[in-house]
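In this document, chain identifiers A, B, C and D correspond to the written order of the chains, with residue numbering beginning at 1 in each.
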Amino acid sequence: MVRFVDKGTRVLVQGITGTQGRFHTRLMLEYGTKIVAGVTPGRGRGEVEGVPVFDTVFEALEEADPEASIMFVPAPQAKEAALEAIEAGLNPIVIITEGVPIKDSIEIIARARRRGITIIGPNTPGIIRVGECKLGIMPSGVFRKGRVGIVSRSGTLTYEVAAQITRAGLGESTCIGIGGDPVVGLDFVDVLRCFQEDGETEAVVLIGEIGGDAEERAAAFISEGGFTKPTVAYIAGRTAIPGRRMGHAGAIVEGNMGTAEGKMEALRSAGVHVGSLPGEVAKALKRMMG
Amino acid sequence: MKLLEYEAKEVFRGFGIPVPRGKVAESVEEAIRVAEMIGGQVVIKAQVPVGGRGKAGGILLAETPEKAGEAAARLLASGVRGIKVRRVLVEERLKIEKELYLGFTVDRRYRTYVILASCEGGVDIEEVASRTPEKIIKQYVDPIEGFRPYHARWVARRLGFSGGLMMKLSEIAMRLYNLGVEADAEILEINPLALVGEDFVAADARLNIDDNALFRHGNLLQSYGGGELEGLSEVEREARRLGLTYVELDGDIGIIGNGAGLTMATLDTVTLYGGRPRNFLDLGGGAPPERVEQAVTFLLNDKRIKVLLVNILGGITRCDEIAKGIVNARLKAGVTKPIVVRLSGTNEEEGIRILREGGMEVMGTMEEAAERSVLLAGGR
Amino acid sequence: MKLLEYEAKEVFRGFGIPVPRGKVAESVEEAIRVAEMIGGQVVIKAQVPVGGRGKAGGILLAETPEKAGEAAARLLASGVRGIKVRRVLVEERLKIEKELYLGFTVDRRYRTYVILASCEGGVDIEEVASRTPEKIIKQYVDPIEGFRPYHARWVARRLGFSGGLMMKLSEIAMRLYNLGVEADAEILEINPLALVGEDFVAADARLNIDDNALFRHGNLLQSYGGGELEGLSEVEREARRLGLTYVELDGDIGIIGNGAGLTMATLDTVTLYGGRPRNFLDLGGGAPPERVEQAVTFLLNDKRIKVLLVNILGGITRCDEIAKGIVNARLKAGVTKPIVVRLSGTNEEEGIRILREGGMEVMGTMEEAAERSVLLAGGR
Amino acid sequence: MVRFVDKGTRVLVQGITGTQGRFHTRLMLEYGTKIVAGVTPGRGRGEVEGVPVFDTVFEALEEADPEASIMFVPAPQAKEAALEAIEAGLNPIVIITEGVPIKDSIEIIARARRRGITIIGPNTPGIIRVGECKLGIMPSGVFRKGRVGIVSRSGTLTYEVAAQITRAGLGESTCIGIGGDPVVGLDFVDVLRCFQEDGETEAVVLIGEIGGDAEERAAAFISEGGFTKPTVAYIAGRTAIPGRRMGHAGAIVEGNMGTAEGKMEALRSAGVHVGSLPGEVAKALKRMMG
């Protein structure tokens, strides 16, 4: 699936009755997302922003026929909620929740894979298909329909870069946050594969950070010719101290693995323009896209 | 949460992983008593949350209880890599015939656990991995099938063991995995796993628990983790007490951001402009105004900070409220050091007005804000 | 292993399934004390391992502790369906608003567990199933995914509950499943699961544990299962003590076979020829000669047996050894009742020779052996 | 797969160093079964009857390339042994072991199914392809190559019936014990489906017993035309008392479910000849097969 979601995607909101769930349901509806149902166990038969709420995903499935899910469920309940969505066959499942234990993420992702279901997140701002629909919490004001695809491990840093791209007069096609945790459903390569196929995306911005080797693998994928569109990258965390965690569990330099310099070097070798400052990203894109 | 060696070994015991006879001691007298109880030669190990203790002089041998006391005294009086030693672990000295490595960790790429094993134990495993990768056995775990006894035997076979030793080693690998999964370990290592006669003993122990999973490990939280604080400076302890996501650095520009990526990028930008960040402080996405106020207050009180840089990408949050928080913090703290703010989001204009009236410098982009902070701090 | 109600309820408590306040009593005095402790109206329930106790007069009500004592006295002096009552369970009387059924069992066809639920509780669930199958909710469990909280909620929703009651009911269903799996239950029932105010309480409890899994339930074995013996006759208890797979029937032809199918077929054949089997005794496949000897001795000593029929299909086992076992048993028992043997397998001829010399009648087929036994026992 | 095993099938024996394992390895080898390896953890590097023994199935796989497995592993270890064979892709896996907990059988079978692997048993005498190979413990002397297929829930009763068929001058093609436990890998319908396709099988004997509804489902399958070859059945347990177990966990009449009379009636309605005595089976077959 190249697009993950589009204007027609019927969306379920899990954890719709919580503060975050309610708030972002409103914003997503305002953006045009087709939210057809919500679920909060024990709170069924109500509504939120005009969206019917059910006790179980199975009921929502029978009554409202959702196709995809976005989750605002508290971390301790996230695993069961995700497994429920997986069993119901919802796809993709966007897990906004922060603080999901790694063990739970591993199980969620493994079970989703067996069913061919895409997990976006956890700990992600979500996905926005600019001008069509948003399954996420990103401020929609920073985006404007255009031809730049964004894939990122970060939240606010993505908004920063997107705002600059928009201000530069370009614009975005789709922006996907893969999530800041060490274990997430999508990695850069998965998303690059999609952007390669996506006719609406002309160039791509990759926003990485220290920790793991997702950026290095993306670089290898690009080197091998798997992704051929113009790409600009920004990697956060050059000032990080090895062994110290920066903000979230994903951003940690382990041994001499996953340093910002190593990632930048790998991407540069793959022919990717790597910005030293977030502000350079939009400038480089502008040059590339003429 | 990082457990100290003696804590990890306690957990090991609970899962049936053999550890040397021994006990933690907080005083010289206690250390002598433990050494007497053990009898014979003992090892005295500083309990500090850092690696490479051996090289740093944190592990001593003693022939007699008296000498054990002396060694303990030496360690308790000193520090290892700058961290004060509050406890030592006094253990029997093992007659080690062979040192193996056994580890459990998370593989980000394959999104699962991996069991690592090597016959090259007792040394830095990352070095082994880069020098002689063929000496590391990796057994990836299918998260749904789990790591099973026959996988454990397969690992033990590939390490070259057979018969009774293979069975014993596989049993330990199995328990290591069970411990790792049940305790939500991020990293779990036995290095070295010592072959002593016909038995394997975990001579060292490392156990880091996924902080996100601590909500279901109340028992571990209650008993352990105190050692983690020992690796922290005063200011880091205070940050932790306040629940702030803070990392201390050695510069003079205080930095607050929201979101790990944005905050790291702010540090990087300041560094790129020649400044030296004093810290990393991430408020998290969508931080409420009170949180901002608290963080600003915290950094204003840090005397090593000359300039404070606040970079908030509010997005959906209301900027006017955040601006009030920053102004309030400064008023209450009564500290006059310069604050450079970059603020963006809903009600941005109103927020900027409030900040300017409050005497803050407000910049339009992260780069400008970073540049200005570096200048105010005295430049490069 | 079948647990008695009070035992099952103890297990329920351990798994967080609410049960009525109450306690088991073995004497009238104890029953009075429990009733006093509970206060108010109580129910006194005979603890015997049979169903339909209510209809058989095994459940009584009492308004006061004195009346509870009288009821206990009545039950303890009597029997339920022929089984002596050794214990009664004295429980608070619940103000039941609604009776549900909740069960856990194994589905042979789908080779998995199934959770059964119905709003028609408190009655024979098999009757409900055959009369109004639409009133039974079946949730089959994927053995790899397991029965999960959302399945439990789905069951509760389909029973018609919502809000807080749905959450409570699903929690109980979840615990029922966890208990079922962890205790290796074959059958686990709460019938009725009573709605009392805003809570659900397991008013009755049934728990049968897979005998094959008892090796991993030492704790249950140690604490429970005594009640199971109470349903057995003297001779059945003796068989169990000897470790024989024995079922008592009311005829006069003693039967020994090896393999459940063959033994059942032997019983059926005897019955078909007009005989009345006294028992089912399966030695299992490939029984050693000592086992055969033991079983023969056991049945020879049963005075109700007129004729003994031994049907051994040795297959790979040596028939001469088995023949010696049978002859020895008869000699030692010193009982002269006729023994008809059918024996087949390795060294068959030698075996038959030994048997004939020992005074046994040996037949070539099961049918002939059965027919001959019936004749010797006096025919139809 | 119609045949499950044949002369060429390379067989692994799990639990080969135990008394049963050793004994039956010899008998199977004598029968012509191609046993290429054995496994007993901790006992590797030895041999049994000339068959090399390994510590793990993975090693046996690398060294001896077995295709199918027969297990003589004690009940408490049966589950892990079976899962090891499943992960190694062995097929079929014949579980001779008696006394496997139902929970373990459920898990074994579920995992095997996901891999498309056939489990025969547990608590089965195994499978014999007469004159070719035997993965089982049945006394081979009672069989003679012929055209009658046997499928049974019983052990010794099967030998009884087979011996009579052989004595009647007929003979057997394949004999499969599906196992006497409540939960087993194959049911009658699965095996009938195979016999329907098997050119070497002309008529089938079905040996059932009280408990469960496997015989009723076989009857329904035959009624619906799923199996069309001449069939003779024998059902043990007419004398059984409801609620009392006869010998093994499978043989129990629950409520009014699974009585011998009910099963016999169902089979008769499906056109199956049901013998009242084991001896009638061979006679009926002889009539049918001319």
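Just so we're on the same page, contacts are C-beta pairs under 8 Å (C-beta built on N, C-alpha and C of every residue); 3 or more make two chains touch, one makes a residue touch a chain.
No experiment lies behind these values; they were computed from the predicted model shown.
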item: Reaching chain D from chain A through chains that touch each other, fewest steps; value: 2
item: Farthest chain (mean CA position) relative to chain A; value: C
item: Between C-D and B-D, the pair joined by more C-beta contacts; value: C-D
item: Distance from chain D to chain B - Cα centre to Cα centre, in angstrom; value: 56
item: Separation of chain A from chain B, taking each centre as the mean of its C-alpha atoms, in whole Å; value: 27
item: Set of chain D residues in contact with two or more other chains; value: 111
item: Junction residues of chain B - those touching two or more other chains; value: 144
item: Overall pattern in which the protein chains touch one another (line/ring/star/complete/other); value: ring
item: Pairs of chains satisfying the touch condition; value: A-B, A-C, B-D, C-D
item: Parts of chain D lying in touch with chain C, wherever the complex brings them together; value: 23, 27, 75-76, 98-107, 109-111, 114, 125, 137-139, 142, 152-160, 163-164, 180, 182-185, 187, 207, 209-210, 212-214, 217, 234, 236-241, 244-251, 255-257, 260, 276-279
item: Touching residues on chain C, where the partner in the complex is chain A; value: 145, 148-150, 153-154, 157, 162-164, 166-167, 170
item: List of chain A residues in touch with chain C within their complex; value: 41-45, 55-59, 80-81, 83-84, 87, 111
item: Chain C - residues contacting chain D, complex; value: 106, 108-109, 111-113, 126, 142-144, 181, 184, 186, 210-213, 215-216, 245, 247, 249, 257-265, 267-272, 277, 280, 282, 284-286, 313-316, 344-346, 365-367
